[in-house]
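Each of the next two complexes has chain A plus one more chain, namely chain B in the first and chain C in the second.
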Partner chain A sequence: MGIAEEYTEPSAGSRFERGLQYLWKHRQAYLLIAPAAIFLLSVVGWPILETFRLSFYESPADSTIETYVGFQHYVEIFQSDIFYQLLWQTGRWVLVGVAGKALLGLLIAIHLKGDIRGRKFFRTAFLIPWGIPYAISAVVFRWIEHPQYGYLNAILIKLGVIDQGIGILGNPEVAWLGVVVADIWIGTPFMAIIFLAGLQSIPEELYEAAAIDGAEKWEQFRYITIPQLKSVILIATLLSTIWTFVSFDTIWTMTGGGPINTTSTLVIWIYQVGLQNGNLGRGAAYSVVGFLFLLVFAVIYLRIYTRGGDEL
Partner chain B sequence: MMAGQERSQLRKVRLYGVLIALLGIMMFPFYAMFSSTFKPESEIFSSPATLFPAEASIQSYIEVWAQTDVLLWIGNSFLISLGTVALTLLLAIPAAYSCARNDFVGKRSFLLAVLVVQMFAPVVLIVGLFDVITQFGIYNTYFAVIIPAAAFTLPFNVWMLYGYFQTIPESLEESARIDGASQRQILTKIVLPLTKPALVASITYTFLYAWNRLLFVLTFLTDAGKYNIPRGVFSMVGALQTDWRMMLTVSVIGILPLLVLFAFLEEYIVAGMTAGAVKE
Partner chain C sequence: MSKVRLSDVTKVYDDLLAVKEIDFTVRDGEFLVMVGPSGCGKSTTLRMIAGLETITSGEIEIGDQIVNDVRPQDRDIAMVFQNYALYPHMSVRENMSFGLRLSDEYEDAEIDERVNDAADLLEIPELLDQLPKQLSGGQQQRVALGRSIVRDPDVFLMDEPLSNLDAKLRTQMRTELQRIQEELGVTTIYVTHDQTEAMTMGDRIAILNDGELQQIAEPEVCYDRPNNKFVAGFIGSPSMNFFEVDVTESGDGVHLSGNGFETTLGVSLDAGAYTLGVRPEDLTVGTDEGHLEAAVDVVEPMGSDNFLYLHSPEGDGEIIARVDSEYHPDPGETVSLGFDIEDIHFFDETGDRVPIDDEPEAIPTA
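For the complex of A and B:
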């Protein structure tokens, strides 16, 4: 706002000179953000451009020779069966994962909301799965689901559900469920903490008034909690969708995308093609497809974040 | 009156019952991990698994020092995490301060661009990043892990500190300036001490991020002597055979420092998690 006034000041110089004067006048502000801006441009901006460039080349990771191939990677990707298989697998991975995290998170949050003795203890305990290395959670779940020595099979046998150990992660039909369970476990704490914060910001009077009007617990949940929590649910679900979409460490450690690619997702495939197989060009083209998905998420996020006027 | 009290008692019992059940589900993997590390070798490979160790033994904790590089990995994890924290703060503090105190063309774009980076998951960028890291000539050095980790924690730090700097009244700085304090003194002696909660939240977030991530170490460090904890654990997963007892023991040791962090800094971690999602 102050900017416009400065521009209307009569100035002798050209636009360019006035621009320089403006920069000089605010040099301290620009100098302070410069390191961060330059850093992000080179560590994030440059790789983005590099990804786009590489996607038009045949570029083996172990050689310096690059051959221009135009849109060949994209054409081959869209014509391949694996691409559509990956879209389907990524879709179910995100959908089931986010739904599981949201429901379990909401359940935890609702029960932590009231006047709970030892809430700090509970909150810390529920937080831990989110804060430990994904690779560690992944090996622990591999261990739990181990066909011979796993705890899951031991429990199922004890309960009489099965009489012999089953190998979930080795079975192409159900392996993804074995992985998604680990991912839900990792992602639930974030949901629970966000929902809890959201729940605590709902004024208690709303519930009191509803109780006086004779609203049942369920009705209070349906007509007060859910509407009041709407924007929190929206943001948390969106963030969780992004993180589930790009989840790498868990899948890579648990199955590496197997068996026969059934637990692979778009980002796992990027890694496998680009870095594991060393086909940088093809991997880059898959990355660009990944960018497009993230772009959609980012636009939605920014719209929600900057909604309702200028907050910056 | 009595009936009402009984009903609220009943509700309490049900509430705690559900909470403890949920806690049990969420804690079960930890139980599976911890209890397995205390089983002697003969018992851990019994099928079906025993849910409670028949005899507790700390043998695996003794063997793990001798047979694995767990100490080295922990050391590397600290090095990478602290390096990332230092670099991120060095970049984020000036940028956030500048945005909180000045109005200039490009500020809004800068802050929004930073927010977009937050969403730009490293794995989608990993192919381009691999190319750039190689061109920087830092492949297989700690910088190859610290620099990308700093880039992806910077957004959180900038926004967290930016929001907090705005709440510190400028008049405080004015009076210090009148007393003859330099800009640097104002920042280090007055502003930063007041920013402690935001700084602790930022540092914890960055530390955890760098400690927990496998991707950068997996991709950019080939030298086994530079592995961090996640990479070390990952390296113990065998194609055909895995020494589960050793691997789980390393895992337990690898999360112990984090458990200490959670116990002491839980409030700051929660503040950080909710900062972006729950608006006051």
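For the complex of A and C:
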């Protein structure tokens, strides 16, 4: 059989038939990836489908009886005030968190790239927050922000900014900020390391050429660093957006979503409704809503990722 | 356009002395090539002129201004890098106009005009809207050049700009670069490790080794009257042949012995140990009585001429002779090597040139 024959397109048949022919031709390859595919589908695919199904049922956790209720959960969710409050709080949580991590990360990366003394030490030191289990960091921050024992209040009092300790995490106005700060602290190292890798891949010659072209430091940053780092920033920010959206440990450990739900997000609420209150169906419906939001980011991420950031 | 003057310029990295008291002046509008083996300090010197490296001691003047403490941004120079260093996210037009756009001296129309003029000069007007990655190496090279030209700087600095091109393109760009430099008349300092580039392009060449300036002169002068053994061996391809000889006075001339030599030359030279240098093309090869006997190892036909690789039975090291392509001795054959005394060079034990007869003194390096 000649090589030419092997590459001949099947002359006839519908798209479906051609698909089958393709499958058959590559059956060995599909067979080989089948175990992994089946495993993934059973631990990822099936739970997703099950969640979708469950969201159409009334399913109390303490009973085995499931009652089909159609779109009732969704209707109630979209008619409730708490849903819109959660949307706003989740948006705020993600936006401020990711922006803070990205900006701080960039700042740290730029300084770590520079020729500072003890650079190796700092590079390692800055990774530490990322290596600590989130819940532990959250406990530490809860202590830092503690009205009586926390050093944040102690410092503020010493500086004369306030007279007596304020309970940041107990105050509905600012509690979310107290939690965001912890989340930024935890998430910044990842950003810094990714940005640092990106920065280091920018050839030094570009900066030299720009300097000779007359570009000042900030112009070099604006016209060389930012464009060169664009795809890295985009990818890291998207990933961080997804992770921040689904993050649970920090909020749950620090405030449990309180006071009066002001630090709650969709994810916290799903846990509370579905598992704490035992309303599995309602929890599943919230999950589906959250899933759809995330899907948007995931699709953007995948499109950029598979394109290799080439067009950016 | 400006002259560039280096006075006792020294660069020390930690413990490493990279450039040692280099002292020379590049004339206004001159094309000066700095050449030397890797690590000789030529790129470091260029980068100090650019302001990309600090100067440990000494002074650099561009025009009439001492620029030691002037930032690269303010030196009014342009530089072409070995890897071109084009801004990957900018089109050719944006790359070329970047420096002009940063400055608020220029109207958009003038920037456009300058870019178009430079593109015409470099024959790349059709590439202006492309991105660097869409261009071939030779085209990128032209864009890098264009970026320098549009700024109409006082001095062009070029750091091995042709070394990433293939051989044919390199030869082509060599002439092209000279044409452009002549047309613009901008003082140009060009760094290369390739002695052919140095010989063919430079008005003058500065030869560096181990961070020290060995000689600065016109190419022919470096070739005909090398200041020292290093320059003699570095300039010219294939390299000059060296023979360690003992010289004793003998009647009207001197007697050479050692390394296969037992011959008398009609030159005046103090007695002592010397290195005798003869270029491959200055060796005559035949059966007549010459100055030295040698056995042929290999004949390398180059087309226009043949390279003979020989060794002297008593001597050490290889001897290369460049002979007519008609001449084809058999390997193993013993031949006689001769030369004219005008074509030979003597170097003392420190490697410095020792003038014979009434040849002019070596030109001072400053």
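Criterion: the second predicted complex is superposed on the first by the 271 of 312 C-alpha atoms of A that agree within 3 Å, B and C clash if a C-alpha of one lies under 4 Å from a C-alpha of the other, contacts with A are read in each partner's own complex, and residues count from 1 in each chain.
We adopt the following convention: a residue touches a chain if its C-beta (ideal position, glycine included) is under 8 Å from a C-beta of that chain, and two chains touch if they have at least 3 such contacts.
All values derive from a computational prediction rather than experimental measurement.
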Overlay on chain A: chain C relative to chain B, clash or fit: fit
First (chain B), second (chain C), both or neither touched by A:176: neither
Partner chain(s) touched by A:235 [first = chain B, second = chain C, both, neither]: first
First (chain B), second (chain C), both or neither touched by A:93: neither
Arrangement angle, chain B at one end, chain C at the other, chain A at the vertex (C-alpha, nearest 10°): 80
Partner chain(s) touched by A:223 [first = chain B, second = chain C, both, neither]: second
Superposed model, chain A: greater residue contact from chain B or chain C: B
Which superposed partner A:298 touches (first chain B, second chain C, both, neither): first
Touched partner set for A:203, first chain B, second chain C, both or neither: second
Touched partner set for A:56, first chain B, second chain C, both or neither: neither
Closest approach of chain C to chain B (Cα atoms, Å): 5
Residues of chain C defined as touching chain A within the complex: 50-52, 71-75, 77-79, 81, 83, 85-90, 98-99, 102-103, 147, 151
Chain A contact footprint on chain B (complex, rising order): 15, 18-19, 22-23, 26-30, 32-33, 36, 44-51, 90-92, 94-95, 97-99, 101-108, 110-117, 119-121, 123-132, 147-148, 150-152, 154, 158, 183, 208, 211-215, 218-219, 229-231, 233-234, 236-237, 244, 247-248, 251, 254-255, 258-259, 261-263, 266, 269-270, 273-274, 276-280
Chain A - residues contacting chain B, complex: 1-3, 22, 26, 28-30, 32-33, 35-37, 39-40, 42-44, 46-51, 54, 61, 104, 107-108, 111-112, 114, 116, 120, 122-129, 131-137, 139-144, 146, 148-151, 153-155, 157-158, 165, 185, 188-190, 193-194, 197-198, 201, 231-232, 235-236, 239, 242-243, 245-246, 248-249, 252-253, 267, 270-271, 274-275, 280, 283-284, 287, 290-291, 294, 297-298, 301-302, 305-306, 312
Touching residues (chain side chain A, partner chain C) in the complex: 203, 205-206, 208-216, 219, 223-224, 227-228, 230
